[in-house]
Amino acid sequence: MKIAYVVPGPMDHKEAARRGAILKEWAAPDTAVDIRRVEEGPASIESMYEEYLSIPAAAQVVFQLEQEGYDAAILGCAGDPGLDAMREITSQMLVVGPGQTSFQTAAMLCHQFSVLTIAESMIDTSFELGFKAGVLAKLASVRSVEVPVLELATDRAGTMEKIIAEGRAAMIEDRAQALVLGCMSMGFLQVAEEVQEVLGIPVINPSRVALAMAESLVRSGLSHSKKSFALPPKLATGKVKSLHELSVVGE
Amino acid sequence: MKIAYVVPGPMDHKEAARRGAILKEWAAPDTAVDIRRVEEGPASIESMYEEYLSIPAAAQVVFQLEQEGYDAAILGCAGDPGLDAMREITSQMLVVGPGQTSFQTAAMLCHQFSVLTIAESMIDTSFELGFKAGVLAKLASVRSVEVPVLELATDRAGTMEKIIAEGRAAMIEDRAQALVLGCMSMGFLQVAEEVQEVLGIPVINPSRVALAMAESLVRSGLSHSKKSFALPPKLATGKVKSLHELSVVGE
Amino acid sequence: MKIAYVVPGPMDHKEAARRGAILKEWAAPDTAVDIRRVEEGPASIESMYEEYLSIPAAAQVVFQLEQEGYDAAILGCAGDPGLDAMREITSQMLVVGPGQTSFQTAAMLCHQFSVLTIAESMIDTSFELGFKAGVLAKLASVRSVEVPVLELATDRAGTMEKIIAEGRAAMIEDRAQALVLGCMSMGFLQVAEEVQEVLGIPVINPSRVALAMAESLVRSGLSHSKKSFALPPKLATGKVKSLHELSVVGE
Amino acid sequence: MKIAYVVPGPMDHKEAARRGAILKEWAAPDTAVDIRRVEEGPASIESMYEEYLSIPAAAQVVFQLEQEGYDAAILGCAGDPGLDAMREITSQMLVVGPGQTSFQTAAMLCHQFSVLTIAESMIDTSFELGFKAGVLAKLASVRSVEVPVLELATDRAGTMEKIIAEGRAAMIEDRAQALVLGCMSMGFLQVAEEVQEVLGIPVINPSRVALAMAESLVRSGLSHSKKSFALPPKLATGKVKSLHELSVVGE
Amino acid sequence: MKIAYVVPGPMDHKEAARRGAILKEWAAPDTAVDIRRVEEGPASIESMYEEYLSIPAAAQVVFQLEQEGYDAAILGCAGDPGLDAMREITSQMLVVGPGQTSFQTAAMLCHQFSVLTIAESMIDTSFELGFKAGVLAKLASVRSVEVPVLELATDRAGTMEKIIAEGRAAMIEDRAQALVLGCMSMGFLQVAEEVQEVLGIPVINPSRVALAMAESLVRSGLSHSKKSFALPPKLATGKVKSLHELSVVGE
Amino acid sequence: MKIAYVVPGPMDHKEAARRGAILKEWAAPDTAVDIRRVEEGPASIESMYEEYLSIPAAAQVVFQLEQEGYDAAILGCAGDPGLDAMREITSQMLVVGPGQTSFQTAAMLCHQFSVLTIAESMIDTSFELGFKAGVLAKLASVRSVEVPVLELATDRAGTMEKIIAEGRAAMIEDRAQALVLGCMSMGFLQVAEEVQEVLGIPVINPSRVALAMAESLVRSGLSHSKKSFALPPKLATGKVKSLHELSVVGE
């Protein structure tokens, strides 16, 4: 099967290539996984404003990927920016959001879990994500490690220390029994496995789990429901012929 | 007080002017209300894709309005597209979303209410709006009148008939005790008052209520909480100086 | 528009006059606001027993206000005692409860808020109020400042200190992003604005917000739903002709 | 043990005596049950206004019953008017509300149940009762038989027919697996047993169950929590010496 | 009335007799209560594995008790293992689970309560029990006293100390207003009354309350709903004639 | 990776072999999947009694599979009987329940879904499963096709007709946007794909999805949390040495 991973921002080519290589290692033997990035957008996503900023360009890429015959696309941000829109504009190709998928995966493994996000300002939107995923009932807490996305990798040891400290606090104070890392850059830092070892509870790596779940869904012949994510009416009725025509300029 | 109403799409100037005039009629004696439209965006909003498409340009206008000294801005779409982002990028000026505000207003008047939206595909996102508004507990149902936004006004009598039919069904089948019209174009069609007369229950006009509630909040010295909607970190820490710098182009 | 504020107890005339004057300052230019008190009832309301004690006499006043042509009546206790009954016995005039209205207003401004009440014994009933308001989903916590109602004003500085201390605790421990002052006497102490300044989050003054929201609702042509708050059957069917006849004496 | 049943209105003495006799038949061998009525109040309770009207006088009787050494008092209305206040003003004697108790009893027997109330206008307040009882999660629906309280007994066969029809509808449409009769006059009509026979699911008689549960609680050494229902502060601190002093007359 | 208490494990005969004697003391004057134990099963129940291990044999006893004409059977474990199955296989005789019954009884007395269980590993399943009981809305917390079931009685004073310490913590940290002892061995230790005295809030003894509530339900002519707990289809349709035939051996 | 599928009853060897062959077809290229059946238990599972009957023997098999070095075991019943116990007694090997896993998978694809179960008597327990899965918020309805498990395959066309009819009803009446087949025998009938084609929404085959998700979890280095499913205390502390010793015989 063919799966694409979409970086919703103009990530440096080297880092994008590094992430692509990791995805290939994680993939099942019969999966071909490619990485795509958009050319313009936020440098990193740490606010709802930046989430929205990333959507129009990323949606164009997703729309294109379906034309190219991909089986699934992974939206490369754990906030799942615009996931519903991307599911609206695709009909055959599955689109997966790492955030919601990670939450649902955590629900498979425990009674209640906690999410570790990068900044306090993302805590409430993580609860909104839990609502969208339908698993708010198992979301014990959301905690922040307070490291800017672009600095997560500069001090890997320090980042891991903070993840372990907040994870431990979640276990003791919130009765967390599994953790979700709420950021793709954390995911590609490949710390989940080590944190899992130290804390003794499952730690969900959103990058890895998004890929594995996309594979399972495709393998099971499943895609997102078009009853949930209908084609935009103007497209469905033929009033406009392409995604671009949905945007107009006023006189 | 000074309030601006932002049309998040390139609406025809005549229609924008008509709406601006209606807003002036609705306003309190001490309110000056202006209408602003963005120059590029969706022709109308009937899908999540179009909601997201409207956000970046509308956010720029909202950001600008704060610089101009407005007390409040109303986001002119009942889906409240990007409301959280617009609250993130403003510090003094209140930003109000007509969707959530209408839901909360309905909660003031009854035990449970229903929302009438324009297309079946917007039903689930209306429930998400109910979640964001915090009043899901009083949301009895969401029903669709199945009229495209751009055709709502072409047959006003037909539109009203459909609103009354669905409203009555909501009363009988879902025990709705108040109705929310889930679209600004419905609001500016000024049918709420007539439907209210016919059905005998409160009918919330989102356009009118968004203005009235913005006035009340400003009058009470209140604005959205910056603890809920923090300035994007890169702006807050001075890493970028303007909204535009948050969007970058890859090499 | 004409709005009446009903004090549901035999408040000292001077204090009632002081509150009436404050209301006039807060009112919109086109609002005439009057204060009314009942002649017999609890000295202050700090228990459910006292809430109930206040209702029959206050209901008579509310019933009378509708005859006099008021557009809205505000029930002057943040516990909203008997609000549903007062809405049952009025048909044209809006009745507003400051408690529920304040909770719904807080929901307009943040993801989650806390309520500061006057005594620990009112904490659970504040959650019941949150249920009635339909916004329990956003109610992070209820905390008590532990000052008897009748002593709130005797040491204004001390009261404010306690409000700030509990408000800060709510921010840190419960992630409150806005506060509701849960008592009208706190409201007329006019500390909300100062607390807001100190804590940096919206602080809802129930007295002021009840007035502002009543104005907005009237301005929008809205009143409480008679489908939610039906006329008592004996009145509706003409079995009794007045409110007084609903109370009978046994042989 | 000694249990009193309080009629919160000036019921005709003959009917009160009839109810007292039925209660004696239902009681356990070691229970002495007495009936008490208040002298002034609503003729029957079919609205929230009438509920509130009944509370002050009924509370006085409940307060007196504790002085007389009763082990428990049953509040004789299925809307549980003022139950919280009556629990506030008693310290040793258990006070039981038939409404909430019936809901909790139904929860003991099935996955979900429905309530049959007397008028459509009481449906929403029945849901509020479900919230107070803590069992909203099992409350499938509330339906109304639309018979005025004072006419329930005039056509017993007709009343029963309506109860069976609504009960059957609840089973089929709402998947009700048990029923609660939501009115004490229905309870003393002694139809629950016959309806149970006809429909084949448990039918809770609130009058009988309130007595049986009061007996069980007393037998188990349990009473309502004073942490939940604290003595009114003015009484607790000795500022007033009696229930009457809590009501004052203004100058 | 005749009630049986079923010990779902091969308890030592002396201890079983002691418990039987206590039950007789607690019973109403018109109740005959017998104790039955199964011959093979877990020594004590401290895990879900042991809960399930106990069910087949205990179900056989419950099935037999109905044949013997008992009015009610109490399942002697506060985890209510297999309660639904036991209600499926009985048609006339009420089956009561002490866990759910205690939770529902606590709901009768307060706004929110806490459960004290014996081991941390039973905390999540206690929440599941709260869901099944329908009273999750009032369950403030579940805390563990960390004493193995078989050691509860060896140091009664030490056990009580731990119960009081955790109960006090529940009051202060979780706002618990009543407590449920989540283990039958705690129940027969007869500490509830003393803890209640020390802490000043109701403490539910599951052993005693299960008996008292079974009595009340039988006295009220009520049993579990067969719409909720249907006879297994193979039995209902006559495909098998006895409980034993439901278990088959493969070729 | 090595995965075992455990049939929790003495299924006919030929049918077991057929299912094993289907599983091999569904598996990823690097997965070896084996089928195991227990020797004694229920012929099929259509009641909670039969669920419990299957657990002790199935648990022994699961326990043994871990010794044999399997990476994951799938519990072959969509009611997930004893899943928690099987997770308690395993430490390295993942155990997956097809019921909960299917619900969580459905949550990945839509806003709300419905479950089709085999008998009306399993509807409530399906909701309990939804609670355990943590996705009750997305469970629109549970409907029954009313075909006994052992007859599902005898008239494949008739079974499919009933599934399509109930599925369509769920779409129209309950707004279902995806379906879960709530029975493994339905799963191995391989109708999901055809129903999906006819109805145009995702249809979850629990047999196939349980395998695919087990593969993804193992591939991602994840297993169930031992904080959620602790080893039974007697095993953990060494009081007993084997699973068998947990069951004792009374004197």
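As written, the chains take the letters A, B, C, D, E and F, and residue 1 is the first residue of each chain.
Basically, a residue touches a chain if its C-beta (ideal position, glycine included) is under 8 Å from a C-beta of that chain, and two chains touch if they have at least 3 such contacts.
Note that the coordinates shown come from a computational prediction; the quantities given were computed from them, not determined experimentally.
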item	value
Turn needed to bring subunit A onto subunit E - CA fit, degrees, nearest 5	120
Furthest chain, CA centroid comparison against subunit E	B
Remotest chain, subunit C as reference, centres from CA atoms	F
Separation of mean Cα positions, subunit E and subunit D [Å, integer]	28
Interchain centroid distance [CA atoms averaged], subunit A/subunit C, Å	45
Rounded Å distance, subunit A centre to subunit D centre (Cα mean)	53
Junction residues of subunit C, two or more chains touched	111-112, 124, 131, 228
Subunit A partner contacts - residues on subunit B that touch it in the complex	9-13, 37-43, 46-53, 55-56, 59, 82, 84-85, 88-89, 119-121, 124-125, 128, 131-132, 148, 228-234, 243, 246-251
For the subunit B and subunit C complex, residues of the former touching the latter	26, 28-30, 96, 100-101, 104-105, 107-112, 131, 133-138, 171, 177-178, 192-193, 196, 200-202, 204-205, 208-209, 212-213, 215-217, 219-228
